[in-house]
Amino acid sequence: MIINNYIFIGLLLLAAIAFALAPILVARLIAPRKRSRTKSEPYECGVLTLGETWVRFRIQYYIFALMFVVFDVETLFLFPWAAGYASLGLFALVEMVVFLGFLLLGLVYAWAKGVLRWV
Amino acid sequence: MARILFLVIAGVGLTSALSTVLSRNLVRAAVSLAGFFFTVACLFILLEAEFLAALQVLIYVGAVSILLMFGIMLTRGVQGTDLVSGPSAARLPGIVVGLVVFAVLGYAIFEEKGLRTQYSWGALDERTAIARGSKEPGSPLRSAVNNMGKVVGVELMTRYVIAFELAGLLLTAALVGAVAVAHREEDETRSTGSGVPPEKPEPTADKPNP
Amino acid sequence: MTAFAVPTSWIFWAQEQAVELDRGLAVRWGLWLVVGFLAVFPGIVAYMVLLERKAAARFQDRIGPNRVGPLGLLQPIADALKLLTKEDLVPRGADALVHLAAPVLVIVSAFLMLAVIPFAVGMAPVDLPSGVLYLIAASSLSPLGVFLAGWSSRNKYSLLGAMRAVAQLVSYEIPQVLSVIPIVLWGGGLSLVAIFDKQADYGWFIASPPGLLAFLILLVASIAELNRAPFDIPEAESEIVAGFHTEYSGMRFSLFFLAEYLSVFAVGCLATALFLGGGMPIPFARFPLNLLDGSLARLVVVDLILLAVFAAKVFSFVLLMIWIRATLLRLRVDRLMNFAWKYLTPLAIVNILVAGIWYECVIRPGALTLGRWLGGTLVTGPMVAGLVWLAFWVNRREWAGEAAGPGRPSLEGARPDWETPGQTGASPQRAH
Amino acid sequence: MGSDIPLSWFLLFAAATFAIGIIGVITRKNPIAVLMAIEIMLSAANVNLVAFWRYGPERLDSGPIAGIVLAIMVITVAAAEVAVGIGLVILCYRRWQAADVDRYDSMAG
Amino acid sequence: MPTVGPSTLDFRDFFFVAPEMLLAVWGLVVLLLDLWLARRLDPAARRLWVGRVALAGTGLAFAVALAVGLVPLMARAYPEDAGSWLSKSTLDYLFDTDPSLFSGTLAGDLQVGAFDLLYIVLLGLIVGLSRAWSFTEEWGEFLALLFWATVGMMLLSAAEELITLFVALETMTICLYLATALEKTRRRSAEAGLKYFIYGSVSSALFLFGLSYVYGLTGTTHLSAIRRLLVEAQQSGLTANAAGATAVLLILAGFGFKIAAVPFHQWAPDAYEGAPAPAAAWIATGSKIASLIAFMKVFANALEPWASPDSNVLRPGWIGIVAVVAAVTMTYGNLAALRQRNFKRMLAYSSIAHGGYLLVGVIAVGLAADVSRAAGAVLFYLVVYAFANLGAFAAAAWLARDKESDQIDDLNGLGRKQPLLAICITLLMLSLIGIPPLGGFFGKLYVFMEALDERTASRGSISLVWLVGLALLNSVVSAFYYVRVLRAMFLREPAGKPMAAADRLIALPILLSTAVVVGAGLTPDLLMGVMQAAAAPMLTTPIVVHKLTAPTPVGPPAPKKPTPAFQYSADQMKKMGQMATGGAGPPGGGGPAPKAKAGTKSATPKSKAQAPASKKAENRP
């Protein structure tokens, strides 16, 4: 059954978490622990933190995340098309040309609009 | 054994959904939302729709939660604490409406007169079995479960081709529209931040890029 | 649905698709988990760290670590002990739980990728019907971990480093995913074992113009995905303090370090399995597979050959990564982002269509013949070359260095990519 | 493997998640929090669809996999909605210097 | 045996979808042209040029939609000489008065053709209107979003299947969210966009949950298949079903939002006022028409067995709930509009009120014995309402352009300055009230007559008399706020900045809408005849799974967008056929829905009037 495979994946997930946490626990046991105020200050290359950590970011972060979501969803349609292409004819390729054409022109739009620049 | 697995996953899912809705800190809400999406993906695996489970993880956990966190950073700054919205007045009616909806849906599920003459949802315990391990192409459901990617691909390209092309158009429209909305023209008139809540420092002027 | 389900099911490596959870499967999984994932792979990764330091040293005409043990072979153990005894600091005000969860998430993402790679016949830990998609989903977890690492350490610079790192990871994940699609198209399914069988019939997928372009895109995108070599802005020393793992020290920091090398190994296996016909020594021959006649001895021999060839390919892939890291300079951040969106993504998208044409020319008509392969290459070869030329032609203005187009601001007056309060932008600093 | 999981368990989980989503939409004032609640509601509908696809009889007027195709369309629409929603929230935030719905009251009546 | 999906599809279906494809591609053309011109021309010249190209696009789409409408009609009218030109199978294909395209997901009948033309005409007027003044810098994007919203509307009103319906609905609304928020120089546009977005997303989540329960109950997403299964279930004595009731309520919530029915109307006033006038016009007209047609298809076609009271799914069937919603929507819309000073907000509340009247029409369709006449009445009302509203929003745009404000009092003295346009606006207002000689009156007349028809009332145990009475009372109340506009125009002295002369761009929509409204008033039976013929095939499109038919090149002139005509070699076709059986499992079991009208599908086309009646009788259990 399908679920058998995924039980292994579940076990692997637990093993990976254990593999990651074990050394941290061991380090907690044997590593020295001397708490002090200065050591737990956020690291500022020696300069004291200026004001609260309040900073606003430019819009290009949102635009790149947006492009990522749109093209990630595009792959959501590409995978079934690629998997099922054997039992589909040439017309599937034409449909995919139309689909990719739309998204490529969306990319060209963002490119020509100048939002893809990391100023 | 499958039932225990379901209960564990459902428990984790519900707690992470609740913490998304109730937690004060937005980024922690986004983290528990990503956890909720992961539990939904595990449920899809229990339902043997593993193609969809992989898609759910790829799109929701990989892309949507990153976009939400960027959205939080772009509007709240570092802490991501929900500075402005204190305990909103609508908290009690909201919970009441939620419980009423859950009660109605619960009754609808367990109501004994199902539409299909022989059984209703409540009585449906066994899933339509698909013969295990046999190689010859059985019912479409088994071919759908065993290699779902292929069958979805064939269906998308033939039966639902209009929905497929329209989804492409929807994505392009979302991309173009969101870029147009978020794009700032250099010479745009800057709106003065009037009525800024006190706990924020004086409004930082929106510097258009040169 | 492996094509070589060996009848004798008690062999540990034998692969039964849907077997009740009985003793044979439990033992098989136990072996894979304990021996494979918790011993062999970490060992390989530890010695990859040593290999990297040795090879990088060789490139700079020095010897590299050779103090600990003969020829420095015990160096990884020494590193591990040192890291174990380092103090593990969590900054005040940091979100402790998320601060711990971030490195775990990155490690888990690297581990999960290895669960589905077909090392040899029947030696894939688990054969999922949607294997490739599972791989891509596993590799898409790491940007989330990186962001949480940056945010949870409550430090302005680490958050900024995390945002830039995630923007880079996210931009290069698209070409990586799109370059895998032609392989799924030719493999006729999402399961990696099916792709392995197809490559046995139709030769390595890299041996085709669109396949070659896809491999190069995957290579470049994977290097950027791993924050290595020319794309290591987030961890660069001269960058904002130390990027997203500023506040990590001791064992937590080494987890990030370990995760990076584990993903290098995982990407190496991925590239070998998908493009280089994982384990098949000769591109177009079915050499070891035709020896299989169901007997156990033959299976063991064939598997050993396949494993050896697979290991050699992964080793050469990792060497290539190390070579690139030792030679290439670091890209400026805007050049780096431009390269992803203006070169790799359009190329990868159009490459999918060229791959469709290759499918119609070579794979659709049936068995592979030299005539069909040549025909396909003649048709798609110029297309691919033309595409690459077009990509560079379209961006020609950027290469020429002057501001692109009158309306666009040249990069000299660029702003710092954040505005701290009170800073009126009096002194425009250089973009870094 | 233990007896199968009854369909009603999945439906109850989906109903509970849907209710939590509704609570989130009504009680939260920050538009991004409302957006997250909407994502929870859409995922609840997805769980419903896949559960009905797996447990339903093989009634195939709409193909063997109509539920999964609708679930894929829901994932697409949800992703597009988040992308557009965050864009609008950022636009509103930049215009109003505050990101919660009650403060936007320029249009009265 | 489950019906196997077609391993290939019938390419001629793309012929029927040509207008949508052209509009989608033209949206991209406008978008990229605008970017290309942005560096070369100053904003005003750029806006005019891009506007001209967009108008050319709508003209082209109109021609293509006309061709798509006329070719089947001509083939049916002169089968002999068409026969020499088209292949036999294509002729059969074109004779089908109610073709189900893409294996049952789309309808290609007269209603879809007629309303495609309506959408394109309205889009042309709105694009012309938006060229009048520059309210946004993202000019190409705004037009492209309007084009793509139109594609969503056309496919929404043609969808015969829940998946296509859901994606078309979402495409339309997401494009409209973004178009609302593009007037970036004004704060309220962003606020309107966000509010519209949040309400829209919540209601689409409710709608989707309802769809998942319908899919759970029936197992299919095709509307005709849902209807067939509900009829079977009803015959086997099983009626009351709480899950069905919740599904009905949730779907009603989703559609209620799109039609701005009362419980879900809060977004409408803010969105209409905040959005730029052309976007608000498109939300008020196009989005409402398409949503209402989809509402009718889902409720009057798929969920029809649960409509009447004897189905006691929830005591009075969905008729009862829709009746209550209609009553509350009407009264709230009219009462709230009374105290509006802002012209666009008044139009918003008036469109909510008209949503109430239309819901009365949908109830009539749900109960009616002769469904095509009742549906025809609703379609008639929609056409007249659309043009009247478009003219009103053109006036609002004129106001926004010249006086930078939307207050009704700013229309003062328009009567003296621009007498012709003032009279046209008066006629539009009178039609919205329903004054006799105009189209609005006949719209309301037909709808209310259908509701009061004695066969309808008798079939359902609830009589609609009180509902029609309330509607008439509301029409009277609505007179007061429409008249306020007339009073401002004619009786007040012009104050403040005089209104500039309306150039061709604003005058055209107002004049054309008045022409349509007056024309519908003078010859109502002509428009009603067309609408009734259009409504006949609307509610009965069966699922037809096109097996691989030899796609010989289609005879008639290929429309502007070349449909991909493929020549298959013989063995490739054989291989695909063999793959179709092998690849996707054995041929289907339940078999496609029995063709509701096997009778009409014959070589000699029957006269149209006779065909629908017989078909309708078969369907009514």
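A, B, C, D and E are the chain letters, set down in written order, and residue numbers restart from 1 in every chain.
Just so we're on the same page, contacts are C-beta pairs under 8 Å (C-beta built on N, C-alpha and C of every residue); 3 or more make two chains touch, one makes a residue touch a chain.
Nothing here was measured: the structure is a model prediction, and the numbers come from that model.
A.B. asks: Can you name the chain that lies farthest from chain C, using the mean of each chain's Cα atoms as its centre?
C.D. replies: Relative to chain C, the chain with the farthest C-alpha centre is E.
A.B. asks: Between chain pairs A-D and A-C, which one is joined by a greater number of C-beta pairs in contact?
C.D. replies: Taking the two pairs in turn, the one with more contacts turns out to be A-C.
A.B. asks: In whole angstrom, how far does the Cα centroid of chain C sit from the Cα centroid of chain D?
C.D. replies: So the centre of chain C lies 33 Å away from the centre of chain D.
A.B. asks: Can you give the whole-Å distance between the Cα centres of chain C and chain E?
C.D. replies: It comes to 49 Å between the two C-alpha centres.
A.B. asks: Between chain D and chain E, what is the gap in Å from one C-alpha centre to the other?
C.D. replies: Here the centre of chain E sits 26 Å away from the centre of chain D.
A.B. asks: Whole-Å distance, chain B centre to chain E centre, using C-alpha means?
C.D. replies: Distance between chain centres: 29 Å.
A.B. asks: Scan chain C for residues touching two or more other chains and write them down.
C.D. replies: Only 18-19, 21, 128-129, 133-134, 136, 140, 154, 156, 159, 163, 170, 173, 189-190, 407, 409, 415, 419, 421-422 qualify.
A.B. asks: By the touch rule stated above, which residues of chain D touch at least two different other chains?
C.D. replies: Counting only residues that touch two or more other chains, chain D contributes 1, 11, 18, 21, 25, 35, 51, 56-58, 60, 62-64, 66, 69, 72-73, 75-77, 79-80, 82-84, 86-91, 95-96.
A.B. asks: For chain E, jot down the residues that touch at least 2 other chains.
C.D. replies: In chain E, the residues touching two or more other chains are 2, 4-5, 7-9, 24, 28, 31, 104, 163, 167, 170, 174, 177-178, 181, 184, 187, 193, 213, 216, 218, 229, 583-585.
A.B. asks: Taking the complex as given, what residues does chain E use to touch chain A?
C.D. replies: Counting only chain E, the residues touching chain A are 7-9, 11, 24, 28, 31-32, 35-36, 564, 566, 568, 572, 576, 579, 583-584.
A.B. asks: Would you mind writing out the residues of chain D in touch with chain E in their complex?
C.D. replies: Going through chain D, the ones touching chain E are 11, 14, 18, 21, 25, 31, 34-35, 38, 41-42, 44-45, 48-49, 51-52, 56-64, 66-67, 69-70, 73-74, 76-77, 80-81, 84-85, 88-89, 91-92, 95-96, 101, 104, 106-107, 109.
A.B. asks: State the interface residues of chain D toward chain A in the complex, per the touch definition above.
C.D. replies: 1, 72, 75-76, 79-80, 82-83, 86-87, 90
A.B. asks: Quick one: which bits of chain A touch chain D in the complex? Just the residue numbers, please.
C.D. replies: That would be residues 1, 3, 59, 62, 66, 69-70, 72-73, 76-77, 80 of chain A.
A.B. asks: Using the touch definition up top, name the residues of chain A that touch chain C in the complex.
C.D. replies: Within the complex, chain A touches chain C at residues 1-2, 4-9, 11-13, 15-17, 19-21, 23-24, 26-28, 30-34, 39-45, 49-51, 53-58, 60-61, 64-65, 67-68, 71-72, 75, 78-79, 82-83, 85-86, 90, 93, 96-97, 100, 103-104, 107, 110-111, 114, 116-119.
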